[in-house]
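Okay, got some structures for you below.
One chain, chain A, appears in both complexes that follow, with chain B as partner in the first and chain C in the second.
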Partner chain A sequence: MINMKATTKATTAWLNSEEYKEKNFAREKLVINPAKACQPLGALLCALGIENCLPFTHGSQGCTAYFRSTLSRHFREPVAAVSDSMTEDSAVFGGQTNLIEGVRNAYALYKPDVIAVFTSCMAEVMGDDINAYIGLAKHEGAIPEDLPVALGNTPSFKGSHITGYDTMLKAFLVALATERQAEKINDRLYVVPGFDTYPGNLREYKRVLKIMKAPFTLLPDNSDVVDAPNLGTYELYPGGTPLTEVKDALNAKSFLFLQSYTTMTASKYVDSKEVPTETIPMPIGIKGMDQFIQSVAKFTGLDVPDEITQERGRAVDAMTDAHQYIHGKRFSLFGDPDLLMGLVSFLLEMGGLPVHIVCTNSTTPFKKAMEALLASSSYGQEATLYPNKDLWHLRSLLVTEPVDMLIGDSHGKWAARDANIPLVRIGFPITDRVNLHRSPIVGYTGVINLITMIANTFLDDVDRNSPEATFEMMR
Partner chain B sequence: MFTNLTKLDLKDKPCLSEAGSPKLCMKALPGEGAERSCAYDGARVVLMPITDVAHLVHGPIACAGNSWDNRGARSSGSQLFRRGLTTDIMENDVIYGGEKKLKAAILEIAQRHHPKAIFVYATCVSSLIGDDVNKTCEEAQKELTIPVIPVNCPGFLGDKNIGNRIAGEVLFERVIGSGDVSKEKIPLSINLIGEYNIAGDIWGIIPDLKNLGITLQTAITGDAKFDDLRSAHRASLNVLICSKSLTNLVRKMEIQYGIPFIEGSFYGIHDTSETLVKIATALGDADLLARTLVYVQKREDETRKTIASYKKVLEGKQAILFTGGVKTWSMVSTLAELGINILAGGTQNSTPEDFQRMKALMDPTAQIIEDTSSAGFLKIIAEKKPDLIVAGGKTKYLAHKTRTPFLDINHGRKLPYAGYEGMIKFAETLSRTVLSPVWGHLRREFPPKEGEQDD
Partner chain C sequence: MSIKETKEFRKQVVEDVLDIYPEKAKKNRTKHIAVKDDDNCAGCAVKSNAKTVPGVMTARGCAYAGAKGVVWGPVKDIVHISHGPVGCGFYSWGNRRNLADGEIGVDNFVPFLFTSDFQESDIIYGGDKKLETIIREVVDLFPNAKGVSVLSECPVGLIGDDIESVARRMSKEFEIPVIPVRCEGFRGISQSLGHHIANDAIRDHLLGTGPGREVGPYDIGIIGDYNIGGDAWVSKKLLEECGLNVVNIWTGDSTMEMLQNGHLVKLNLIHCTRSMNYIVKHMEETYGTPWLEFNFFGPTKIKESLLKIAAEFDNTIMEKTLKVIEKYEGQMAKVIESYKTRLAGKTVMLYIGGLRPRHMVGSYEDLGMEVIGTGYEFGHKEDYEVTIPDLKDGTLIYDDVTAYELEEFVKKMKPDLVGSGIKEKYVFEKMGLPFRQMHSWDYSGPYQGYEGFPIFAKDMDMAINSPTWKIIKAPWTK
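Our next item is the complex of A and B:
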């Protein structure tokens, strides 16, 4: 026993060493504790934001069970989705029968107004032509001829959950939206939130857009689906962007994309249809939200309402009240590109020092943008971006170059524990705390919420660890 | 390359539907929306609790990304098993093959993470692109001093049960009795087969075994160490806990090593006692049996005394039960112990035998849940209006939306429910769920109708 303990101790010491870090970063063929999910999960989340839409995976049935449980554990909500349960037979003969029988059964059972069909790996490796299969399904009368079906190719061995979201969003526009016609252009601003697991964020966007008197459509909008009220009965389709508005999307007065890396192909598609489009960073932090407000004000042509100015003032007030708790503190962050851009921007505004930034699903444009953001502030000088690294790399970073706090999703709790620092949970999935997804991290409200989470976590730590002499009423 | 289903005797026997049970072994209908997992998941469920080994997934990100440390199986020692290890197959690997990457990953793990063995899981993608996981493991093992064990369990082979059985097969072929281990039987020793130490279940059983003088050689595979598993054939008796999913394993162990097996359950007072007595009887030691009979009586009395206050509040409540495996029938008597009446019961991943056993234990008026889709589940809740639902996490939030108290008894739970101690925890947790004041708020109409008192 003693020997075993000694070995464990020695192993831990070695794992925490600079030497191991080097070996760890030389690792190429193995991913340890991954911090990304796969394309179809993102596609599913996107599909939940369309009214009366049934998400449908064309692939092995286990994939869907995993997506549903991952999403369900984060949102603490039931997640409706079906699979066509491809098996060994389909591996030999192709997935045509499964897809046709699958949509037939799903339509009969769940009566959707639109079906979002997206693939998992198996169908993609085999090269199933889902477009042709759906044509056949309609031809055979498995589903009505006029039932819209959006098709997304989303194998897990490519991209990540954010590209799957993007693919599905574009698929909805391709399948549902009618061509742009000059005489049919509507007066609405189509706001695309991007891969966002905070219904609180979506509600915040809608609240602010209403205050700003902007006619808008949030596309897609899963806030009422993943944060459905408890009214005593379960609704299979409790909300989402109305189908009529999806159909009319290309007649939008303009489009505003609130994330860059989760909507690249969708925004390109909208742009190619000659719809005025603008992409701004996820509105986290004062600067981020200012840009959102200005974009919306430009759209409406109206002055920024007093109510918004007051809100902004309250957020700035919260920043001044709490600056001393964050200024100069060192942070590690991991997560999706857009979220990281927003959080780093916010930390720089507060004088926090980002040190390690790990992004498993990084891309070259993101790397450039992040480096430019860091270069723009004196507080960004200590930071290094680690593209395409995992949480085991992050662990090495935390134990060899210590920081004061880790910011990321629940998967970060092991690394934070090993480094003996607090983890502030922001991102996806959050499976070990309640309600975080209900509070916005975007907008001026989000600024206040972020300060609350970060500063109070530091202060809780101080209180729990301070000796009696410095244990004080005021902090 | 694919696991040969016929060879493994994995194809289910004809359904027992004519005997009155639903078609439990029927494949999921495409598009029906029953939330079933896959063969890969089934193999992970059985093998992942082995603590001091590395579990490497040769697949795209989702297979490992969605399943590392997602089961709540606990370890008293090494935590290595919880590390999420994957080759993260990408498009290039799909085109050019992933064997080289896999081998490099195996060597990296062996060198840096010091596992006792490495289990390598094939997935849909690795199987479809033709990666030979067996050969790669064999090659890697030549360069190492530890076993590298392939688990051929692509998800498309079918339901979770099939994966369970493949894992049993792997344990039998590659682990049990392997290496330089003694063949000598250990007197009064048992293996608990199909006990995965979810939420620490096994720690509620071990003290009673110890008190009786029974040695637990290993659980298969809760809190199991690789070396203990290798010596599993030294046990005198196999006790099959999670009913049928590992029947193939115990049968083969009986033939090869002469270890008899019995079935049992440690959920609830009645089944715990019955299982302990069955173990004592099967071990064939008269003294042990005499001890056990006295002991279980004492433990039953103690436990009943402790749960009496919970029983008082739960008695007469009406429940819907929906689970799988051994819990199908074991939960019926556990709930009955607390005076809870079962309005309807159903199962997804159980065998017809499990199901028949459940049916025999339930009140004849209790309804059988035939339609296991979300739609079917909601319909039965609406019809029966139960006071509580006891089921797995998949239905938890659905149940909450119907404002019905819900208790998770599958792997999503955080509290151990096995053994006498587990029964106390179960009763306590169930009372807390059912008696929570939140259900009252939910059920009150708002705004209140005129003339109705707002209490």
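Our next item is the complex of A and C:
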């Protein structure tokens, strides 16, 4: 092994070189600036979407402090969750005492209707028999016998935040939903948003479903929890999918999953219970939303209301109005698989050119789906998907094969700055801009919002950087 | 209310609030809360630095947060590897405002997350080989890194990895310090043990191993300032105006060499005693380097501290210091005067970490405000011992306060402002209560020194007097 220090002193110029990119892409184990968080954070976000549910981490208290602060920074909202504060003695003797005392105290303080227990690393490495502990807690009277407890095993060393969401969602169904009975089948469409950090998206789904006259349950629905109104009082449980509707979930007329990679096991479980199940891509862009509308129309058996057609028309109008600001522009994107599928699909519709697509929590099915999507459009031909790469890889790409814009969460700001290109913030977490999570990026409304963000960012840049001679009134 | 009535009222509040707990938890929590009573201060002491009651909503973090997030993370020319699964590193990436000056990726690695991203196979087969590869890759990709720290997350300790031997081997091969830090999150009961472990790692692997330097007569170090929002830079500037020469800062905007040479000063000034008292005591015992605690929040404490510091040096320093104080006191009086009508008499409740539950009290009092409640997230007995005498009669003191308790205390004591962290912020804002984050300065700052105090005053005024609080109630609601 040659000690590089002896031969090369790093400089920014070297970091920006092809040679460095090769070296950077040759690394095998070191991960630098990954665009993924860990499973229990996703489990917590899922649990926030169930009414009167208290998220409870079985593990070290530090994990819960991290999830809460990370989510609060993004949503600018309170995030209530507890842990059973396991410490070194739990590592020796197991986490039984902590769990029982933990649920006892949490129940006394916060009176939940359901507790969502999910694990962090410590409990998983030790192999705690958590189901047995929960049974004991009930047996000892720490919590009522009939208090539902959903259990998700979500170690940080498997999957990412999106699989944690999936695991917790399935756990709710396993713990709460009664078996499907032919005579009890309800009239509702259960719509699962997936790991979504835009309460604006959830509200958009609900708005459209109402227009479509579809009886529905959004499961889970954290929109009122992570986007709660300020009415002068703090509510611990300001909303969520009603427990009765979770219990009745397997009697759904059918299920519609709006993301693929954040709902793999939950959708499989629902499907295994013989509930008619459909999974469609996250409805970003016209085609994505068209698919959503068609799926819902198929469910209701009704014609698509004219109001929706009008909405679609306005979105398409916005696209044609603004196509010149996006067509032919080169984009790099990073984020979660479902989000990337949607955003790339939207860019292709606009004639934008995705160039680098970095997905740290990529999977083989996602890779295939993304490659198929890119192959389907002449605007997708310049794109390369970089599965399981991170934002330090992305930085090398940006400085050696330049693009016009980066799309991703706030963590992308350093790479964007180094490449001297604008960052349009879409994803999670967004910790340095306000309100973005409140506006939908899905649906026809989302199409207009995306165009506004992307086109106006380019135009702001043009104005800020143009010399007097070409500084014009019209753009 | 008379002071006697106030104290009785607050004691009753505590009793009422704790009533909801199951017996065992209630017994435990009762010991952590007290109302300061000058007539009978035997009851002022609170229990601290004890295990958190399971299942309550604690604000506390873990040893990793204390070691990586607080002490090691700000050291800019060392690559810090978050060793274990991806989460801990992800959540502690870029969200503590320890500003650092340097070329990112060349000699400044503060804005990075380096992680070994443990997978299940690493748990089963161990992560030592992976760690070795990772260190090789770090050295290859960042040849200017002065050293590498390995910050263990929970699984590393549970599966029995030997990161010390990997570190030794790599350190020898690459001739740079590779520092194993055993800060698994399950160790201890809060961030606090993580600080201690981090201090010990500096002591065992860096301190005294540097190139050395001649110690000038006015050379000093600042210890335990993490440069939140540029605080350490402001302190450095102020001390240098007084004729002193700040050669080290630990660890805000610091370098590995500063850690190696920490003892090579005439005096170490310690800001956050909670997180770094261990190492200043060690430097005193081992190298005879004296240390002194200081507080640069608010003109009263700044003056007190500057005079105390100057007294450790010769007349030249004292004369300059007196001039500096004179120069700024007038400006500060104007600042106080300009906010007086808007802030005087307003009450504050604080709940913070480190040193701030006591250090911030003076800066509020300088503005004519009153701190009616305060507490430490992870304080020890000695923190409360020095805090309580500084507090007014009747102040409510709470240790490791739970979210429920703090909410209820605030509802009943109705302060005009709450100062705490991100997890608390939006709870109180939903109640219609002005709030400032007092860990991150709510993305403002610096708050230290004469430069910071006007910003602090402006921010407190902005929080309390924002017109947004007045429109919460819709005109048609009853």
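A few points about this structure:
Here is the rule we go by: the second predicted complex is superposed on the first by the 465 of 475 C-alpha atoms of A that agree within 3 Å, B and C clash if a C-alpha of one lies under 4 Å from a C-alpha of the other, contacts with A are read in each partner's own complex, and residues count from 1 in each chain.
Going forward, a contact is a pair of C-beta atoms (placed from the backbone, for glycine too) under 8 Å apart; a residue touches a chain by one contact, two chains touch by 3 or more.
Just so it is clear, the model here is predicted, and its values are computed rather than measured.
Partners chain B and chain C, once the complexes are superposed on chain A, run into each other and clash. Once chain A of one complex is fitted onto chain A of the other, the partner contacts of A:K29 extend to both chain B and chain C. By the touch criterion defined above, A:L459 lies against neither chain B nor chain C after alignment on the C-alpha atoms of chain A.
By the touch criterion stated above, A:A132 is placed in contact with neither chain B nor chain C. When both complexes are overlaid on chain A, the residue A:L302 reaches neither chain B nor chain C.
Applying the stated contact rule after C-alpha superposition, one finds that A:V174 touches neither chain B nor chain C. By the touch criterion stated above, A:A375 is placed in contact with neither chain B nor chain C. Contact with chain C, but none with chain B, is seen for A:A10 once the two complexes are overlaid on the shared chain. Residues 11, 20, 23-24, 27-34, 36-38, 40-41, 56, 59-63, 65-70, 72-73, 76-78, 80-88, 90-91, 98-99, 101-107, 109-110, 120-122, 125-126, 155-158, 160, 228, 230, 232-235, 392 of chain A are contacted both by chain B in one complex and by chain C in the other. In the complex of the two chains, the chain B residues touching chain A come out as 2, 5, 27-33, 35-41, 56, 59-68, 70, 83-91, 93-94, 100-102, 104-105, 108-109, 112, 114, 123-125, 127-129, 154-159, 373-375, 378, 393-394, 396-398, 400-403, 412, 442-443. Remark: chain C residues 20-22, 24-25, 51-65, 84-88, 90-95, 103-106, 111-120, 122-123, 130, 133-134, 136-144, 153-155, 157-159, 173-176, 185-189, 191, 402-404, 407, 421-423, 425-432, 472-473 touch chain A in the complex.
Residues of chain A that touch chain C in their complex: 1, 3-5, 8-12, 15, 20, 23-24, 27-34, 36-41, 56, 59-63, 65-70, 72-73, 76-88, 90-91, 98-99, 101-110, 120-122, 125-126, 155-158, 160, 228, 230-235, 392, 410-411, 414, 418, 431. Across the complex, chain B is touched by residues 11, 20, 23-24, 27-34, 36-38, 40-41, 56, 59-70, 72-73, 76-78, 80-88, 90-91, 97-99, 101-107, 109-110, 120-122, 125-126, 155-158, 160, 228, 230, 232-236, 392 of chain A.
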